[in-house]
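Following are the structures in question.
Each of the next two complexes has subunit A plus one other chain: subunit B in the first, subunit C in the second.
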Partner chain A sequence: MFPDNQTSQRTGYQQRQLSDRSIQWLFITPTLILLALFNIFPLFYSLYLSFTDFSAIGTAAPVWVGFKNFSTLLNDPQIWKYFATTGRFAFLSVGLQTVLGFALAMLLREKFRGSGLITTLILIPMMLSPVVVGFFWKSIFNPSSGIFNYALGYFHPASAPGPSWLDSSSRALWAVVIVDVWMWTPFVMLLCLSGLNAIPDYLYEAAAIDRASAWFQFWRITLPQVLPLLMIAVLFRTIEAFKSFDLVMGMTGGGPGDSTELVAVNLFRIAFEGQWRTSYASALAYIVLVIIMAISNVYIRNLNKVRGEG
Partner chain B sequence: MAVVTNPQVDKGSIEKGVNYSTRVDKVGGRVQTVRTIRITAAVMLAFLLLIPVFWMGATAFKVRADAIATPPKIVFKPTLEGLIFLFTDRSVLNQARSKRLKARINELNWYERIALEGGQQITGPSEYVTRLRNSVIIAGSSTILAVALGLLAAYAFSRFKVKGESDLLFFILSTRMLPPVVVTIPIFIMYTKFGLHDTHIGLILLYTVFNLSLTVWLLKGFMDEIPREYEDAAMVDGYTRMQAFRKVVLPQAITGIAATTVFSLIFAWNEYAFALMLTSEKARTAPPTIPTIMGRGGMEWGTIAAGSLGFLIPVVIVTFALRQYLLRGVTFGAIRQ
Partner chain C sequence: MKKRVILAWLVVLSLLLVACGGGAAAPAEPTTAPAADTPAASTEVTSTTATTSTAPTTETTTTTATSSSGGGQAAVSTGDVKELKILWAQWDPADYLQEIGKKYEEETGIKVTVVQEPWPSFYNRAFTEFAAKGDSWDLVVGDSQWLGQGSSQGIYVDLTDFLKSNGIDKTVTPATLQYYGEYPLGSGKYWAYPTEGDADGWAYRKDWFENPEEQKAFKEKYGYDLAVPKTWKELLDIAKFFTRPDKNMYGAAIYTQKEGDAITMGYENVMFSYGARWQDPKTNEVKGIVNSKESIAALEFYKELYTCCNPPGLGNAFFQETNDAFVKGQAAMAMNYFAFFPALATDATNPHAAVTGYFANPAGPTGERKAALGGQGMSIISFISPERQQAAMDFIKWFAQEENQQEWADVGGYTCNINVLKSPEFLEIAPYNAAFAETMTMVMDFWNIPVYAQLLTPTQSELSGYIVGGEGKADEVLNRLADTHDKILRENGIIK
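Now for the complex of A and B:
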């Protein structure tokens, strides 16, 4: 009787282990299949395409051309220009977002009546659809009927016109940066706020005992404590800036001329609109992919560090 | 507080120390002033940031002349013209026809009258109506799928030791890191081959996959917070693993599931790039449509604003409902408050 009981217990246990295992596979497999179909396969397929000559709307099958697409791309000064524009856009908008987002977080750090409401109100822009918002900003930037110049103090556009924004090749990128900053400063603020709230009070109390100046407290306590989260915000925004597509398409479509032509926008133009150079676009896509993978790798590593600490 | 009880420090320097710190004592006069300035600045900045949204709200209720007035009109007579123009196709009336129509104004209903004031006659519903319906169908179905599949995968990742778990999770997240155009090129070819281009099902599938990265990560975070002991206890009481999942874990995770659902909905609702590249007529959603709303003879900013406003209002409402989960949502559940 005794050994019998033991075996039945063990088989019961084994059965549950076994069913746990099958449940595990049952639960994960659908997700993995979908990912394989919509991610792994497309990635390998476009890697293959990038070494061929092929157009998605043509009838000819892909022809292997080796590294030709890549060498053409890397020798094309226009492409380098678009990368430079993207870099400038990323640098300007992420830089401004970081400074402003941190400043806003410092302002909202201490709770007051209605601070929750104010914080949520500030967060609204980042939840909106970039293309819709970007398109409406066109009317805001309009030099004669828009409120942007009006708010800058040009109250009589008919007699004293303010600067034009989206029609000017030197200011259009700035206009895009302004809207991007408007949309995403709240994101940086949100992350900074969470970092600030996590700083233990005793650090400040200890500093107060030592009669440390507010300046010293900021540089030695506040900033280092928030830095990991701030870094994450910056990395995340940098990745997003390199992907930027919706906002520019809504606001300028890359123009005037090619002054706001970001890499993602140009990629779309090569791959779809009119040109349909599928294999060439795949090569460019892979270059962008490698850049973004490099940045995301840093991002994930930092994320793990922060999570490990928290 | 530690400062106050410290007998070594004389009174004067306590106050001095207090002024430097915002944490030790909050009743000092200067601290109070700084606080007031801080609050005023925060409130003013919040309103400054929201001006574009207010302006959109105002423009949505302007007649065309007011919407493009120079200088911009802050005070105006509100009208529903923009909203009506958004949902209808119209023809522009010449004076004679306009006069004839005005003669029998009593036969017209309220929206036809408003259109007539703008000199136009309604000929039928606009394509925006279909586009908006597509948006609802596609966002809704893909969210349901992504949350359902995400729940299963998140549970497995949260409760079992999955081989290569961190690699798989990173892989799932990596779908989000790529520019949409990179993903779209091969998918476009695939879709044209299988007849999925410009179909609801094609876009639903793609949004589901994209949202899976969000739902798996978010839901895993929420499930990690539910103590394993609950299920263990239930299973000791005779529940199977499946029953424990259904009757213990799911009810516990319900707020997390709700938050995840809404985030997933917002993504699918706002998505533009895939819809632009993978649909053309039948399955096109609202975001690629709004920038193509053109008036008859010139930009109808009132109509565009009405469309944008209608499109954004659900998101604004949801933002308020979700406010305690926003941080999680935008960082894929990586950072919690």
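Now for the complex of A and C:
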């Protein structure tokens, strides 16, 4: 009995030694180490590299050059052209996703037979790999064998065989926007739908008693209630649009010319693809990061304002 | 709690210090083209002076030879090297080289292993290893564009004396030795042995060309016989003649892809044949050369060929897409590297294989015939031990022998050996070999300096924008491109 008793006392003592805070640290430490190794360290190291002349496949060590990379980048009209293309893509793509996503959410708000299945089917595009989506939409846009122009010709026979989408500098960006909208509208819809479902019914009941019109209810109840979630969706999609890479590479490779050359695509070319200008690419990545942070800041300020009013 | 937070931050900061410290004061690596008389590789390895055609033995042998860097005499042994590792891209020719390697092992006891890396990651894998001065492989069969980086960064062993003293330089066509092996161009310094020759050529539908009705209609329309084109002008006529969108028939499937180097290679076929070049060979000046009147005419020609006769949807096409269009029966002619013609020569992958013919690039307005270079040369990596370098040289010497080059061609490799290229056996072994042999005497290449990729990116963008996207005029595009090239070359000290 004695040894058993002693063991149980020791175990109890040891258990008491592991305080709640120690257990917290025990669980948090591995995450912190991983975070430091794979997030914080690369973040600061790439910041350091952006002030140097360095190639990851070169044999020389980084050489400090100060702000030279940033100055060269910011004075390069070509880079601003890529930013302009990215901005255009983000504006068109996120704008259309917001309108269509919200509209779809409104349609699916009312439960009907099969609405669950339809919602699930609508969500499928955003579950696919962007590269795969890029490749199969490339086939869909093929002017001689793709279904896209076939469908256009069916509904509008006068336009047959239809335009070449990916081989035209004026249409290629639109083609990428169409695919991005197809892929990510469900994401906006999903967030809007959860916002719509969270609106309490009594608001509409009160409005109905006051004989408020459907339009008035939409402007004064539905939209303000959904707006915070809608803005979060827009924020996420804008950030993603600025980072868009795989879809464009799968569909156009940035061409024809520079018509679909987004910043992330160009960043890839500078960082890899034979160039391996690691420090220059790091500087560009930081410029992109600052721009995304600035945009996010504007969104978040407005979001807080909306929430405050809500 | 506060102490732990401080400790965590200390760990992060120390990681940063470890990562950032140590190298900042090191000198920058040279990015400019080295002077012709400056050996880049620091190796002291020597090459054999023996000219015997027998294979080296497995015994530890000591060979006395002139130092590869042009220095004095040194004795180098192959030691107990039992295996040679060769890095190459993952494709059929690498398998063929592995076959040849088995023969070498039978003869010498030294095992040859060809390490294959998929094409998209081939460059990255090779150069990340080189950056670490790794000795995972003894040899690399690298792209011609790698020569600048490989030689000026001390990655490749200087093979000049080795190739010359063994007479190997005389066994391959001058054009292949120059573009697969020489750096800087015209310097007479060689860093690679031309291993897998390749360049652009054409596949065509013989049944369409030889159809009497088509021949009659063509002659009525153009006033000369329908046959394999002798000039680019004729090629355009034929392409236009066979373009019949209502029947889903098009004249020529050509390179248009913006990724990599496809559209530049496609344009080069016409550009070089028109007498245009990328640079002044003596001064490296580009203004007035990249945008010369010959270049403008060549670019306008290529755009016309794309606009009139390229199958729809092939605005971003490379070797896979042009072959696909041909296999689908959409194209009368398809531009491609010879390395991808075996797929068109077999019924299993091309239903028209029996009626597919091949020809080399036609001539430009002045009669000049050139073809954009593909293929690779074999280089020795300088980071391996002197014994392994010697063993690698022994392998190249053995591989370069005519009988082994004949075998290399027999198994499917594209030899650059002059005598084998001329031999009736080679010319008859595959339907495209005659065109290949002809092409190997007229190859030319893009820049191969360390910053070639920086030159290639704007070239691809400008050409794709004009040819596929229809943006601007040829002279505007090439003026802009000349300015961009000039800026990059000056920044990197290539133009003084």
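Of note:
Simple rule for what comes next: the second predicted complex is superposed on the first by the 268 of 310 C-alpha atoms of A that agree within 3 Å, B and C clash if a C-alpha of one lies under 4 Å from a C-alpha of the other, contacts with A are read in each partner's own complex, and residues count from 1 in each chain.
The rule we apply is simple: a residue touches a chain if its C-beta (ideal position, glycine included) is under 8 Å from a C-beta of that chain, and two chains touch if they have at least 3 such contacts.
Computed from a predicted model, the values in this text were never measured in an experiment.
By the touch criterion defined above, A:V290 reaches neither subunit B nor subunit C. Using the contact criterion defined above for the overlaid structures, shared-chain residue A:Y45 touches subunit B and also reaches subunit C.
Judged by the touch definition given at the top, the superposed model places A:T31 against subunit B, while subunit C stays out of reach. After overlaying the two complexes on the shared chain, residue contacts for A:D201 are found with subunit B alone; subunit C is out of touch.
Judged by the touch definition given at the top, the superposed model places A:F268 against subunit B, while subunit C stays out of reach. A simple residue count on subunit A separates subunit B from subunit C, and the partner touching more is B. In the superposition on chain A, A:W276 contacts subunit C only, with no contact to subunit B.
Once the two complexes are laid over each other on the shared chain, residue contacts for A:P256 go to subunit C alone; subunit B is not touched. Of the two partner chains placed by superposition, subunit B and subunit C are both touched by A:S144. Counting contacts as defined above, subunit A residues 21, 32, 37, 41, 45, 56, 142, 144-146, 249, 272 meet subunit B in one complex and subunit C in the other. Remark: subunit B residues 1-3, 6, 9, 13, 16-18, 20-24, 35, 38-39, 41-43, 45-46, 49-53, 55-56, 59, 67-72, 149-150, 152-153, 155-157, 160, 162, 168, 170-175, 177-190, 192, 205-206, 208-209, 212, 216, 235, 240-242, 266, 269-270, 272-273, 276-277, 287-288, 290-291, 299, 301, 304-305, 307-308, 311-312, 315-316, 318-320, 323, 326-327, 330-331, 334-335, 337 touch subunit A in the complex.
Those residues of subunit A lying in contact with subunit C across their complex are 21, 25, 32-33, 36-37, 40-41, 44-45, 48, 52-53, 55-64, 78, 138, 141-146, 161, 164, 166-169, 172, 249, 252-259, 261, 269, 272-277.
Across the complex, subunit B is touched by residues 16, 19-21, 23-24, 26-28, 30-32, 34-35, 37-39, 41-43, 45-46, 49, 56, 104, 107-108, 110, 112, 114-116, 118-133, 135-137, 139-140, 142, 144-147, 150-151, 155-158, 182, 186-187, 190-191, 194, 197, 201, 204-205, 207-209, 211-214, 217, 229, 232, 236, 239, 242-243, 245-246, 249-250, 263-264, 267-268, 271-272, 278, 281-282, 285-286, 288-289, 292-293, 296, 300, 303, 306-307, 310 of subunit A.
Only residues 1, 4, 8, 11-12, 15-16, 19-20, 22-29, 123-124, 127-128, 130-131, 133, 145, 153-155, 248, 257-260, 311-316, 452-454, 456-458, 461-462, 464-471 of subunit C touch subunit A when the two sit together in their complex.
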